[in-house]
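Listed below are the structures to be examined.
In what comes next, chain A is part of two complexes: it sits with chain B in the first one and with chain C in the second one.
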Partner chain A sequence: MSDHHVHIPPPQFSTYATVIDPPRQVTATHPEEMTSDPVPPNPAADIEEITPAASSTPVRVPYPTAAPTVPPPIPSAPEPSSTVPKKMALAPSSNKTYKQKRTFKVIIVGNAAVGKTCLSFRFCCGRFPEHTEATIGVDFRERSCVIENELLRVQLWDTAGQERYRQSIVAHYYRNVNAVVFVYDVTCRESFNDLALWIKECEKHGLVGDSEVPRILIGNKCDVECPNRVSTDEAQMFADRNNMALFETSAKAASEADHVESIFLTLLHKLQQSKPMHVQSQDERQQKEQERLILKANEAGNVEEEGFCC
Partner chain B sequence: MDEEYDAIVLGTGLKECIISGMLSVSGKKVLHIDRNNYYGGESASLTPLEQLYEKFHGPSAKPQPEMGRGRDWNVDLIPKFLMANGPLVKLLIHTGVTRYLEFKSIEASFVVKGGKIYKVPADEMEALATSLMGMFEKRRFKKFLVWVQQFDENNEATWQGLDPHNQTMQQVYEKFGLDENTADFTGHALALYRDDEHKNQPFAPAVEKIRLYSDSLARYGKSPYLYPLYGLGELPQGFARLSAIYGGTYMLDKPVDEIVIENGKAIGVKCGEEIVRGKQIYCDPSYAKDRVKKTGQVVRAICLLNHPIPNTNDAQSCQIIIPQKQVGRHYDIYISCCSNTNMVTPKGWYLAMVSTTVETANPEAEVLPGLQLLGPIAEKFIQISDVYEPTDLGADSQIFISRSYDATTHFETTCKDVLDMFQRGTTKEFDFTNITHLSLNDQE
Partner chain C sequence: MHSSFSEPNSPLKEVLGEKWQTASCSDLGDNYVKPGPLAKAKFNALRNKREAIDRFLKKHKDEDLSLYIDELRDFAISSGGLVDDEFRAVIWPVLSANLVQNDDLDDVSSSYDSDFESAQSDFDEETPIFEGQPELSLEELKNHKEWNQVELDVHRTLSRFPPNISDTHRDVLQTELIPLIVRVLSVNPRFNYYQGFHDICLTVLLVCGEKDALPICSNLAKNGSFNNYLLKTLEKSVVRELDLLYVILSRVEPTLEKVMRSVELGTMFGLSWPLTWFSHSLKQYQQIVRFFDVFLASSPLLPIYVSSAVVVYRRASILSCEREMPFLHRLLTEMPTELPIDAIIKDAVYLSKLMPPCLLKTKYMNEYRKIVAKPPRTAVKTLPRYALQFMFVAGTVGAAASFFFFKQIHPL
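Let's turn to the complex of A and B:
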């Protein structure tokens, strides 16, 4: 009898934060910050500085050699790097308590096949996915990072293929979003032209350009040779007009791995400095939960005991 | 699009989206189409407010400026609440769709007796204080509730001399000495029956329903009902995402001309010039009009208010039931009210819905007893929908059609229909207890 029953697992999310690494002192991943004061004492005041700068002169993180990527490990905390094949920067340490925990929801939008999933995979798992067919059963990918002794969890939400035919992405995808990543394929003009539609779609759901929700633009697949690729200048102009920072990169090319990493760490830094009221901190969530109900899986324990079969 | 799908689902109403999710996660290749450019079909929450005006009054109709930002409105077309311990909540938890949704308890539940609104007692204190019934009646009622809690159909020791197979609910009321008012209140405001048929039926299902009410009430306190922030339209979208992340393909704004039949069996659907092939079709009645029959009508009045419903202690959200006998009808009248606290209106505005099953040739007049309880109404939209059920159960045609949404204000019948469709389509029973859980503590 039981083998006739259909087994429905809940959707999964992949988390990559297992590598133990002593938290380092973070300087900056953002070029603008490199030139300004290294560690801002007051994040709230600092955001005034960062945001307009990023919008008026969009930042392009240079290619790997000059990239102000993750700072090297502090020499006083040497790590037997040979034993750890791939280390995620800023990974949290298991034996440390952090002053604050915040979770950020970041959505990735753009046409089908521009490499949204690959980018999120690269960032959260540190490599290019081996299987390129449509992802099944992954709701969002998550990565934990520590910046200034604060544990940040970044959830990268994927469109789940609902972008393929017209605009059929569900409304809740756009809710409680802390940052938006727009992606186009530099070898596909259409994906660039459609960015305007994606911006409109986001605005329809209240994610407007002048709000505090940071938006970045990524031109993907820059390693692919193509005669009529979208020129950087053109993309730059578009990014300027829409108040976004532009990055060109490739989620696939191994040489670009650090670059993808630095783009997202730039974003992370922006998020970290964003005002806490826009993000659910632990306290806020508890407070909110008292009045709103988040049905949790652990409550399903009781449900199962009761048994339910139709 | 020259590939063949295991199932093509037409319409993105709640039932179709749950089915789509169930099929996708069980490994079926699903194509899900809706002719509208929004999710939810009949069970959508219309937003912005302009969309509601356009649907009912045409493209030139516009809301009043004092109604605030159109985007702050999410207007359900079909009012329903979730029972906190009901099957839909279990389905949401088991599929992980709760990750996309937040809920709030509905603040209070009321029942009308003798033209007055009474609060349905939510705890013992309120039960002692209520003026719904007299002192002695309260004691008898308490004894009845204790019996309901421990009743087990499979354990004769708990029956206390009542036989669930041969005795009716009426006989149960008589045994506990409950008067007609209390029976009325119990059957309609607790067991949520829409008419009095249940009194003459074996009593076990009614007892189950009363227990569902009290178990749901025990879960979150104020009332047994839950409601998702941003409206019920969130539910189909949650299941649509579930389906999509398991590989389901979504196409909105795609007109469907017909279901293509070969030798009595569906082989796909025709959209304009192209034919998409699929082994099975799941749809709502509007996509297969020749395979359904009309069984009745439901009338729903959507009312925009700039004040809470009078005599509800300014409840920001509530349900009011007018039992049929109170207004000389066969079916109850239901009122549901939500507001800014549920993210369905701008601040200061309320959304009340009065609905019932149509009994006369003048449906608009039938909701009048409900409208009279609402106080001044800023805007009113009347909707009369036909209720359909499939005449073809799909065994040969492989077309599986859902029933229309009925006038009940909860999802018990909805879930039953979905599970029934799933079983007809896959010849497998859907068993929740078989589902293993991953840790979903992503909210921590």
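Let's turn to the complex of A and C:
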């Protein structure tokens, strides 16, 4: 069992800058936010007390296949968590050119109120959102990272969790995704049990376990004390059965911030190594550009035509 | 004392003590005071309107206000809306009891759908259903299948509460809101709660208080546009309505429509707009209640016209945005803090006159389908332009040639 309990060190990389597009400016640092945050979604959670306990019994499962692809830490890189204000790891710098640009589409699914919005916000904006509301439809967030001199844009599609939105709305967004993130709440068994439904829904759209599209499973809110939480072993078994990597984390606890980061970056590394299949490559971009030009030409043609008719 | 256009000064402060629930937030917005003659003029217009509504309500104090539904609707739609929450608390119940119904003919979606319980059948029963029922106890409500989901959503609606409401008030409102929503849902066992319906009920609760909110919300759920959303799948209700947005745009802003279609934007950016009457995405309380004034007083499809007007209003930013679906999606989902609400409403009402729902759903929809199905226009269409010149030249040359030809054969 002990070899399951492995810490992933937060990946460290050479470029640091804040270019990510936060909807609001990232100002709050994590410790301040934890104390000033007046609206915890889990009122029972007392972070200061729980986090030491959580870190003393680490229940982190490394991503099995992607782990070797994480490059060795570059010595010059500063520790991401120590800097104030928080800098985003791997952010592109404006004065560099990159050999390649790729965009990855990642969809986040799971039951209502498991923390999908918070997780994606944590990853894209580097902090826990002040207060989130029920997501209606889909929200979109983006973050750019540079890995091996390649500019990667991650588009996170944060979806509505309520069952009513599952089929009619979220279904539109499975098309052309490069990765699927399933989220459940470790303190809510129902959200874990419903994962099967989400996987089924996902497979309906051709995203099966052994396909090229990586799928990961995140158990959120691991900082919350709860009598009958979903045990790691059980979740691990489920993840293995479905050919997924399991992570347990918390979008809220400041101590877990790097872990959320490393989960997504691990996923990103895996994507980066993948064949640029569905990914929009340079060629596709150019092709699209051409289509657009044709469209514009048509528009121009129409205008002239109308002018002439009169 | 401040003179702001969007946040008029409220006479409610006097009654704050006893009626705090309706006082919600009329005295928000010292931050938004805009000096200048225009703002002053607008404020004066608004003050006059408030006096007019006040006079009207005093005059008909002892009568049934439903008799004056046309006047009330006019107040609600015209510039400035119902101005104050105090008036809203009186007028919204009347408006909601006399919601504008769809013509049965023009409800395309209902003819598609076999399991649709038409608004007509509800309408026949004069007495609201919930009055006939014994009041459900809290225990019974808690057993409702949607209780948990409603509770989850209500507990995280913090940002929807106006900032001038204290934590205690907010807690009280939140504990009132959950049973309120579940009571509305129990009106019809076939109602399915959707995330976003809580935003509607919250707005009504903030303005009208717990007692009046129940009949208003029930009326909206039974007869308003939410009836469809609660009864049918979202795909068959709201998504179909939102498709009309493209039909409207193709007629008023073809360039915009083409851009949005070319990136396959879809309509999900506006999903919450009709579902929550914009209360989920608007950032200012006064804007939300202003929209509610109008929607309570107009046809169920008006939110779609307003959505179109909002998109048209944001034309410049859409055209200058990166032509990619995700960015356009995000641009439109994020509502700007400042919106010319009255102008947008005027545009929307104009659009709804220009393209009434019955035509929009049939004729215009079909025409739009043809536009979309048509392959990109190429040589065939551009031909006439040169063809005319060509014919002219060819004709002249031909005439000249034949003239010379015949001249040579039959020299005169």
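In the analysis below, the second predicted complex is superposed on the first by the 188 of 310 C-alpha atoms of A that agree within 3 Å, B and C clash if a C-alpha of one lies under 4 Å from a C-alpha of the other, contacts with A are read in each partner's own complex, and residues count from 1 in each chain.
By definition in this document, contacts are C-beta pairs under 8 Å (C-beta built on N, C-alpha and C of every residue); 3 or more make two chains touch, one makes a residue touch a chain.
As the structure is a prediction and not an experimental result, all values here were calculated from the model.
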{"item": "First (chain B), second (chain C), both or neither touched by A:Tyr165", "value": "both"}
{"item": "Contacts of A:Gly206 with chain B and chain C, given as first, second, both or neither", "value": "first"}
{"item": "First, second, both or neither for A:Ala112, with chain B first and chain C second", "value": "second"}
{"item": "Contacts of A:Val138 with chain B and chain C, given as first, second, both or neither", "value": "both"}
{"item": "Superposed model, chain A: greater residue contact from chain B or chain C", "value": "B"}
{"item": "Overlap of the chain B and chain C footprints on chain A, listed as residue numbers", "value": "134-139, 142, 155, 160, 162, 164-165, 167-168, 172, 291-292, 294-295, 298-299, 304, 308"}
{"item": "Complex interface listing, chain A residues touching chain C", "value": "23, 39, 41, 112-113, 130-140, 142, 155, 160, 162, 164-165, 167-169, 172, 291-292, 294-295, 298-299, 301-302, 304-305, 308"}
{"item": "Touching residues on chain B, where the partner in the complex is chain A", "value": "22, 25-26, 37, 39, 71, 87, 89-90, 92-96, 98-105, 220, 226, 229-230, 233-234, 237-238, 240-242, 244-254, 415-416, 419, 426, 428-443"}
{"item": "Complex contact set, residues of chain C against chain A", "value": "149, 152-153, 155-160, 192-196, 198, 233-235, 239, 255, 258, 262, 266, 268-269, 271-272, 275-276, 280, 323, 326, 329-330, 333-334, 376-377, 381-382, 385"}
{"item": "Contact footprint of chain B on chain A as seen in their complex", "value": "2, 4-13, 134-139, 142, 155, 158, 160-162, 164-168, 170-173, 175, 206, 285, 291-300, 303-304, 307-310"}
